[in-house]
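Comments concern the structure below.
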């Protein structure tokens, strides 16, 4: 199972008037997780774009908020690659409070492969992604 | 069916390097829709907080991205109240491109009622919400 | 004197744990003001880019914060074009509280003209800008 | 001279349609710099608030943009404390491109001391700040 973990200190600007991280900022934390995963495993936006000229837009995003996260705390973001035969990149996320050691948010993002002109959606996996999966023993 | 519609011009700062709105900004558009709904029907964050001392945190958020939205275009956000017997505030969102007249994003948010100390979750509807529903013939 | 005025309701996500607009969000309000000015007077980012293929990056930004702005209030943004012989676009901004009728922030932005390849800085005004100034009796 | 240096990888969501960091995001980089400085030297928002019950709002912010910063690059933020007899916290910022080793942005922020009720502005340094300065041989 391919997984990346990063720590993101909560920023003052991310905390709302209830003194907890505003729910929309978790979308950034998820993207920080995806980018960190991409760096570790060679599946970053620029890796994909430079290698193949492909964009990988998000088509589905789900977030469940379990507990608040406060200023002064640090988000621990776990990003896990979910293997699937579909021509999609699927990640699951779990965000933990470093201070309280409990889950604060979890979710999933689904990306597809598109040509830069954004007209052609790939319905089978592009060759680079099959090669990437083979390299990581995912197929 | 209670519904609010607002128009939000796409800002330059919201557009990413692919020249379309970055997916995380739709969370703001949803919140703009909720706030506009709240103003129209008297269910805003401040209405609830001032009347009852309650916070209504988001516990679940789902977004499906259908098409890109470009700089120069305007997002038309439709926010619809979804009636439910549960002690929750549920909204469905549809975002349309004003220029192309097609759907670009849809989704749902679910909020719960909490005391400001954030310890007590309401498992039945607070009285003000029942009164609000009666006023709008939702129960 | 060319001036544009817009109203921007303060969003919940823009308010920090002190219950006032976080200082960085005023940069967005300034850009909202510039874009509204651009629409009114035909000097928007896309007008310039489409007509001339030029970008107009910010090179200098100054903000003075006078008073806090609260959730529930509305920012009134006044954007004034500052005429100058230099090859620059200069705007002054004043942001007022709609509720309290006082100044909350003021500032200035300076933009220059660049070719899209971002290598060539214009040291004299490009022809379209001279024509725009003449149309508005600024030269 | 008290100085802190941090590295901030440029996020995909921070890059605009010209493929460079949108100018407003540098305000966050400055705040990241201030927070990192605060952690290193014991002058964070929470240190000040917890010790003294004081807020330290920004009253003046200046940014000069020198060169663009691209996705894939990392911002190196240098935050320097500027000593002053006034009842103010002044920081200078320099942001460098890790890739190109040149300056991309510089600026200054000025903060004042206020009671949480935000009515009383301190016109002399609060005792904790004098003690902090003495500890760091700044007075």
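Labels for the chains are A, B, C and D, by order of writing; each one numbers its residues from 1.
Here is the rule we use: a residue touches a chain if its C-beta (ideal position, glycine included) is under 8 Å from a C-beta of that chain, and two chains touch if they have at least 3 such contacts.
Computed from a prediction, not measured in an experiment: that's the story for all the values here.
The pair with more inter-chain C-beta contacts, choosing from A-C and A-B, is A-B.
Ranked by how far their CA centres sit from the centre of chain A, the chains are topped by C. Inter-chain spacing, taken between the CA centroids of chain A and chain B, is 24 Å. Averaging C-alpha coordinates per chain places the centre of chain A 29 Å away from that of chain D.
Put simply, the C-alpha centre of chain A and that of chain C have 34 angstrom between them. Across the assembly, chain A contributes 12-13, 18, 24, 28, 31, 71 as residues in contact with two or more other chains. Interface residues of chain D facing chain C in the complex, by the touch rule stated above, are 18, 23-24, 27-28, 31, 55, 57-65, 68, 116, 118. Residues 9, 11-13, 28, 31-32, 35, 45-46, 71-72 of chain C are the ones touching chain B in the complex. Every residue of chain C that touches chain A in the complex is listed here, in rising order: 12-13, 15-17, 19, 22, 24, 71.
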